[in-house]
């Protein structure tokens, strides 16, 4: 199995609901360093997993919708906790939609899976992985 | 599949038995930067994998039993080589015990697996992963 | 010249005033990974720069006042832009106050300077350094 | 499942053929920081995955054939794009050959798989994993 | 003294002349992860060292002239060894020119110095620092 | 001012004397990731600070005397606390001796200074810098 990963980041505000979150129930924020990984069983005709330029561009496009925002005010997240792991899924699913729509190139239709990791600090990160 | 990872570290002394270890048969030491990863198929009611605060606390509690010690003097390791990979298993198994005992919260009973990585330097690390 | 550095982090929300900040004028947030460096010309009687345990504890105490907060609501920052470089100065000055108050031990009175670096992402950071 | 990973690096020149590569069609170069991971289900008699010294040595030997070279001039790569993911496979396959030839020790015959990751920058990397 | 740093990278081919370079006399290449640091004694009216957006943009513009190229073919480097430390100076000097030309904003005229670090691998890097 | 830095590491056991060290008074250990920096005002005839190959080799030679050892048993450290900052000085001074002895090449006699940083974990490091 092959994979390529590209890294970008977002800087957002949010708060959590639920006693388990302790002080993180207050409005605070995070830099999420985001790693998006694309997997496939065999390389395409160019000997690559996916066009790394397109992959970076599409990831950046998805992140731009969240960047420099208060996620508590975003309709897409109404009523849900925007935990690091939940955001990893949102980003992976949106990348999958773009793959299916052809935004990562025709060759990308051969991708087997996507995983997304969000680093919230030097000592904590979360991931979500799915098939395509 | 979702996962969250928390990082901590220990500073220990030890030695190895066996020609394969060369100069590491002498008493020496290591800083192990320890990453503990918790996996599950679906998020819990709070939209998380596990309470990251509890996860950090339990990992720290397990590491405290080794930290600032000479592992050659610990009864738990009598007669075995405390290689990086072997220590990864010990830590993963102890985390699993704590999950089963409810120390990571009731929700943590839904965890699917644990993996532990110990970084012994900037150029070498070892991991152990298991189901729960 | 000798130095020791300890690392910790905070997760905060804030916004900026001024056209130069572009989209960062909106309420957003950041994880700041904070490195505090203590410098001195000669080591103390214990052969150290400063008690690393006390240094970590005092840094953590200062950061606790900001952590999981919206800096826009903090009286200490009323009317000022809480840029990464400005926060580096605030943290360095508070560490200096604690050194002068004896909170880092009597030996710490021999410290020559402090510098603080805040990493706001994997591609941007800011520092402030001062004498003691 | 256990694993150990060792890190090394190479500095090479190369160019790509295919419109998808844009400016990377020109002769340019890369530092590849190479992580080689060895996996097995159970530890050997020395309580290790594989002799980490031998693993580092064999990886270094394989990389020495590429290091400080223009890959466009290497017979082994005639007519193929030496993408990061393609190079990961070449290195993994050569490590597998060495395992089968006994170069990583008799115990290494119990290895279950190998994966190789090449970091081409702080924001992009690629991997290939295979069974043994 | 305050500073801010922004990170970018280039991927280039080159070769060296001189016995001291050993195998690096052959055509090879490197990824240089480039950190550009801007220093000043006091913050400007916006409470910053320099507009981090402009700083990133100007650094990127300078690096674009080298990126995906064989430095041996560049007129700017005719007859000189493009060592990591020499490239750090070139980039710092070009940043200084842009500061003086006003490309980093009027406020940037208050900058005291610039330093540039190029990481050529995980185990080697070089820097050049200068006043403005 | 120019500089180049090379990285290596050691894995040692040791203990500390003095109440300030708390649990670190017990025999424990550390991986020290060691960064050695060489500074000079102007580049030499090869357009470099110092031969990076020789620099790495000499650093490795110095570290070999400590590696895989219990520092409490080394005559060189009898009666002193081998704190991270104290070890940084020992390594810097030994590098300086080798520079003066010509082991880093004739050109290295133009070096202005050396600094050594020892990373004892992902959250703590210490440095010593000196002139030549």
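Side notes on the structure shown:
In this document, chain identifiers A, B, C, D, E and F correspond to the written order of the chains, with residue numbering beginning at 1 in each.
The rule is short, and it goes like this: a residue touches a chain if its C-beta (ideal position, glycine included) is under 8 Å from a C-beta of that chain, and two chains touch if they have at least 3 such contacts.
It should be emphasised that the depicted structure is a prediction, and the values quoted were computed from it without experimental measurement.
Chains making contact with subunit A as well as with subunit F: B, C. Shared residue numbers account for under half of those found at the interface formed by subunit C and subunit E, and the copies are therefore classed as meeting with different residues. Taking each chain's centre as the mean of its C-alpha atoms, the one that lies farthest from the centre of subunit B is E. Centre-to-centre separation of subunit A and subunit D, using mean CA positions: 27 Å. Taking each chain's centre as the mean of its C-alpha atoms, subunit B lies 31 Å from subunit C.
Centroids built from CA atoms put subunit D at 41 Å from subunit C. Contact of a single residue of subunit C with at least two other chains is seen at positions 7, 122-123.
The touching residues of subunit F, when paired with subunit B in their complex, are 7, 9, 11-14, 23-24, 26-33, 67-70, 120-123. Of all residues in subunit B, only 16, 18, 20-22, 80-86, 88-89, 122-129 touch subunit D in the complex they form. Interface residues of subunit C facing subunit F in the complex, by the touch rule stated above, are 1-8, 43, 46-49, 51-53, 56, 105.
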